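Okay, so subunit A shows up in both of these, paired with subunit B first and subunit C after.
Showing the complex of A and B:
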């Protein structure tokens, strides 16, 4: 029994140490963002020879949002492209359009939709020649599979990806694509901002969380030349690299995280463009949110199991990048570490071994501070919201206590699923996030 | 900032640069670090010097309040050494759960665990919280059902744990609050005021919670000791710490909104 108690105590101390490391990491990011030197992105570069771009939009039953994203993309400006004029001039002759269109093509990927998505895409394809849908019915479903098919037919040097619920701004494609003038850059990530913030407490909390994650976390990692993450949407990458590495892993639920690490370990850089803002729809329903974070956790942890070793032995990365990469890979494993530590604490409590109490207390406190607000601590979210110009919404911070256990539980479940996935090598199935939009916002 | 011009048109009086590269005007990383260390030294010293007094006052008030619901001669203030000083706490005879009470509690707890996750009008986040609290209570019920005689605590040991926890929370406040306030462009005396206020609030809140915990444990049994500690212990402290902090930051943000001279941009 004495040995068991010793192991429990050591584990609790180990967990506390892990959480302290994450707390320090987030504090360094926060301080860097407000007081450190900011690394400016390339958005002000003017160049007449920008790369050609293919915009991919994976879609599965997206009739509520499909028109919005297509209208937004058709309204974007990209030097050299004649998006506004071509549909009118060449709508009757699509083949002519394909040859003339030099810079941008839009490829919505209809992935086994059973609603009106297909009809909407056909309508836009007929009207706008630069819209060239890929219809997937017979192949296996999944975002990674859909992207691979579309990349094969895309002609752009750069692939820009948007999820179907996003509303891209007018200049965003140029903002994302311009960084590829730098030959070291393999991918870039823009900033995601919730569109439906005012719907409920959940959407407001998610808005705060996103703010902390992008305005501070991603920007600080960009400033410090660490590892900003390509997030799979509002992002871009070089087409030839992804083809060279064999495309996206069809069994991955977080193909974006996997791409980030594969690029870094091969010597490419991933940038963060804080200026490239794009609006999205966040889950309005707790059940949908539960499925979403469980899926993220499952996918991210699978990437952790697969990419940790290549990351650590990569000859292209500095020690700092490796440490940050390892912490980034481990971010969804912290819930598992915590839940296990909580069980250990409970066991120690009933065994009357609470002389370690200050240690347990410290663990609980540090984790609380670290985990309030999902993956960004409260001071990081407050700072980000402050920088964004938000005031009243900062007062919602204490309400993150309600999402603390919620996130903890579903991220923990996601970790367990990932372990089973790795052990049994079972195939994963893509679980699409529900859409809520009732009226078009771009009409 | 939108103002109306003479012709009655809405116009922006001031257009800021984009928020993407907005930064705070004051200080660098070194200055913030020094500020955090200085404030921690100041408040750490205050906590270290005053925690015996604070725990003594907590025990005194708790005894006074509990005297209304239980015989005063059963409540005893004791002391023990802690961090080379003394902490004060209350000792009293506690209560083990009876078989019937235990069984009823177990059934209710199980019902909560089964029903709450299925209720559609309760937000899932809140439901998860309740379910977790119920799960800890269930473990406690099972422990008392099978190993009641091996329960390792009494009120004195619980009081020791509670009071020592409280002292460590005060030290943590002395470190974490200045750390969280450091990046913001606010006068240092305001930061000292906010940290002091949170500490004072924590002493009062800790006293009120101690009274409630003691009442539950002595009147309704040790059965609830685990859920009280794990669910309503240090986790709840975080709520008011973050609550006061966020209110303050929100007020500062409101004051700075639209004031060009208060901001800098890294362009």
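Showing the complex of A and C:
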């Protein structure tokens, strides 16, 4: 029994240490944005010789949003007209696309749609030669698989990816593509801003969460030369590198995170472009959000199991990058660590062994953590909101207590699923996020 | 007496009071939160300017466009006209205009043909000149736009911007505001200060060759004879020809007459000695120092300072390239840049 109690106590101390490390991380990032030196991104570079670009838009039953993204992409400007936009649905006649490369290539990827998506894509393809859909019906479904098919047929040096519910602005393609003039950059990530914020409590909290994640977290990592994350949408990467590393892993639920770490461990850099902003639709339904965050946790944790060792032994990364990378990989494992620690604490309580440290020290630690530790993520979100000029939305901060418990549970479940995936080597199935748009935004 | 009342009655009052204060403090932050949720004041999506694209010719073109749209409503006859811009403004319309020395002008000027100002004139509002604008010595002006050439004489201070479809000729000791841009040649004199420049190309003042600054040391170093790699420094010997990109985690020096067909990136400083040619871009976390008679065909980007010596050429005819130094940029004479120069700090022509 004594050994069990010792193990329980050691685990509780370990989990407390992990929480403190992540707290410090929150503070460092936030303080960097408040008072640190800000590195500039390459968006101000004006260059008449930019690389050729193909835009990929994975789509599965996207009739509610397809027109918006296609209209927005057709309205973008790119110096030298070297853009191609490919919605993904495998083309019957691949030669068709070769004739229009000199202009613009938009590749929407229709992945087993059963609604009106195909019809919309056919309509745009007939009207605009730069829209060259890839139709996928016979192959296995999945975002990674669809992207791999489209990358094979795309001819741009740079691949830009948008999810179907996104609404890109006019200059975003150039802002993303210009960073590839830097010979070390393998991928870039832009900023996502929720469009349907005012729908409900959930969408308003997600809006603040996104602000914290991009305006503070990603930008601070860019400033501190750490590891900004490629997020799989509103992002771009070099086509040849992704082909060289064998494309996206079709069994990955977070192919974006996997690409981030594969690039970094091979010596490439991922940049964050805070000004490359793009609207997205966030889940309006708690069930949809639960599935989404569980999928993210499951996929991210699988990436953690596969990429932690290559990250730590990479010869291209600095110590700081490795620490940040490890913390980034472990971010979806913290819920599991925390929940397990809560159960351990309960066990210790009923065993009458809760006194791990001398009473007063323990009290000081608890009070200090409650004063500053729990405050850290709130401080980060409030700072992000301040930087974004959102005055009254900061008032919603106390309501994050609900999403804390909500996220804790579903991220915890995602971790367990990931463990089962790895142990049983089972295949994963892509779970698409629902769309809510009722009217076209760009009409 | 309900059980709840009995329960509360059994608790000592100080403890009950402490508990109530605790409960109040816990719940207090939720009041504004719930208020914002029920009666939202800030629930719209964050604003993205969807039609934004970077255009260094934006200011003068937008000003001309807005001004002419307003003038169409009131007519172009010479004289003072009240027009609605961002607020009500008086616009002085004329065919040609000469402002004498030491005058203060408080209205927007719309001049169809030629605008000329004398010495020490204060032009507190924007000017548009259809054919050309000649700004006299030691003027202070807010902004000037033109469809023709603009000449800015020595000692003039621009508060906001200069922009024209023609060329701009700037004398010595001028301050060029936030942006000085043109569709033609932009020629800048000695000791000028700027934030952003755009021209096709940008030329700094002519300087005799013997005055060209070089960054090369007078005494011979070991890296003048060999490839040199230390913990902090990586240098490439004189005359080397490299056909590849170079990425360096330390300071990077290219010695005299090196040629690189590729881009350079350094986590420290980049120093190009005299006569170096880079057929690519330069990116550095530290300073970028370019020695005399060097050529860079691509962009130059530094998170710190950029210092460019004389007789340097950036970009090529018919291309647009950028020189961006976050903390500051220093240019000397005989420099030619095809495109755009920008700094968040201070730009100077030495």
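In the analysis below, the second predicted complex is superposed on the first by the 401 of 443 C-alpha atoms of A that agree within 3 Å, B and C clash if a C-alpha of one lies under 4 Å from a C-alpha of the other, contacts with A are read in each partner's own complex, and residues count from 1 in each chain.
Following the convention adopted for this analysis, contacts are C-beta pairs under 8 Å (C-beta built on N, C-alpha and C of every residue); 3 or more make two chains touch, one makes a residue touch a chain.
Predicted model, so just to flag it, every value in this text is computed and none were measured.
Colleague: Mind checking the superposed model to see whether subunit B and subunit C fit together on subunit A or clash?
Modeller: The answer is clash.
Colleague: A:286 in the overlay: touching subunit B, subunit C, both, or neither? Say first, second, both or neither.
Modeller: Touch partner of A:286: subunit B, not subunit C.
Colleague: Could you say whether A:398 touches subunit B, subunit C, both of them, or neither, answering first, second, both or neither?
Modeller: both
Colleague: Quick one: classify A:211 as touching subunit B (first), subunit C (second), both or neither.
Modeller: Only subunit C is touched by A:211; subunit B is not.
Colleague: In the overlay, answer first, second, both or neither for which of subunit B and subunit C A:40 touches.
Modeller: In the superposed model, A:40 contacts both subunit B and subunit C.
Colleague: Once the structures are superposed on A, label A:390 by its partner contacts, choosing first (subunit B), second (subunit C), both or neither.
Modeller: After superposing on A, A:390 lies in contact with both subunit B and subunit C.
Colleague: Pick one for A:350: touches subunit B only (first), subunit C only (second), both, or neither.
Modeller: first
Colleague: In the superposed arrangement, which partner chain does A:123 touch: subunit B (first), subunit C (second), both, or neither?
Modeller: neither
Colleague: Looking at subunit A, does subunit B or subunit C touch a larger number of its residues?
Modeller: Ranking subunit B and subunit C by residues of subunit A touched puts B first.
Colleague: Which holds for A:169: it touches subunit B only (first), subunit C only (second), both, or neither?
Modeller: A:169 sits against subunit C, while subunit B stays out of touch.
Colleague: According to the stated criteria, A:379 is in contact with first (subunit B), second (subunit C), both, or neither; which is it?
Modeller: After superposition on chain A, A:379 lies in contact with subunit B alone.
Colleague: In the combined picture, which part of subunit C sits where subunit B already is, 4-12, 112-120, 238-246 or 328-336?
Modeller: Superposition on chain A puts subunit B right on top of 4-12.
Colleague: Looking at subunit A, which of its residues have contacts with both subunit B and subunit C?
Modeller: 40, 201, 277, 388-392, 395-398
Colleague: Mind pulling up the subunit A residues that touch subunit C in the complex?
Modeller: These residues of subunit A touch subunit C: 39-40, 42-49, 77, 167, 169-171, 174, 181-184, 193-198, 201, 204, 207, 211, 225, 277-279, 388-393, 395-399.
Colleague: Quick one: in the complex, what on subunit A touches subunit B?
Modeller: Those in contact with subunit B are residues 27, 30-38, 40-41, 191, 201-202, 215, 219, 274-275, 277, 286-287, 289-290, 342, 345-346, 349-352, 354, 357-358, 361-362, 364-365, 368-369, 372, 378-379, 382-383, 385-392, 394-398, 400-406, 409.
Colleague: Mind pulling up the subunit B residues that touch subunit A in the complex?
Modeller: Contacts found on subunit B: 18-24, 27-29, 31-33, 123-126, 128-129, 132, 136, 139, 143, 147, 151-153, 157, 161, 164-165, 168-169, 172, 176, 179-180, 182-184, 226, 229-230, 233-235, 237-240, 242-243, 245-247, 249-250, 252-254, 257, 266-267.
Colleague: Provide the residue numbers of subunit C that touch subunit A in the complex, in ascending order.
Modeller: Residue list for subunit C touching subunit A: 29-30, 32-33, 35-37, 40-46, 48-54, 56, 198, 245, 247, 262-263, 265, 280-281, 283, 285, 298-299, 301, 303, 318-322, 324, 326, 339-340, 342, 344.
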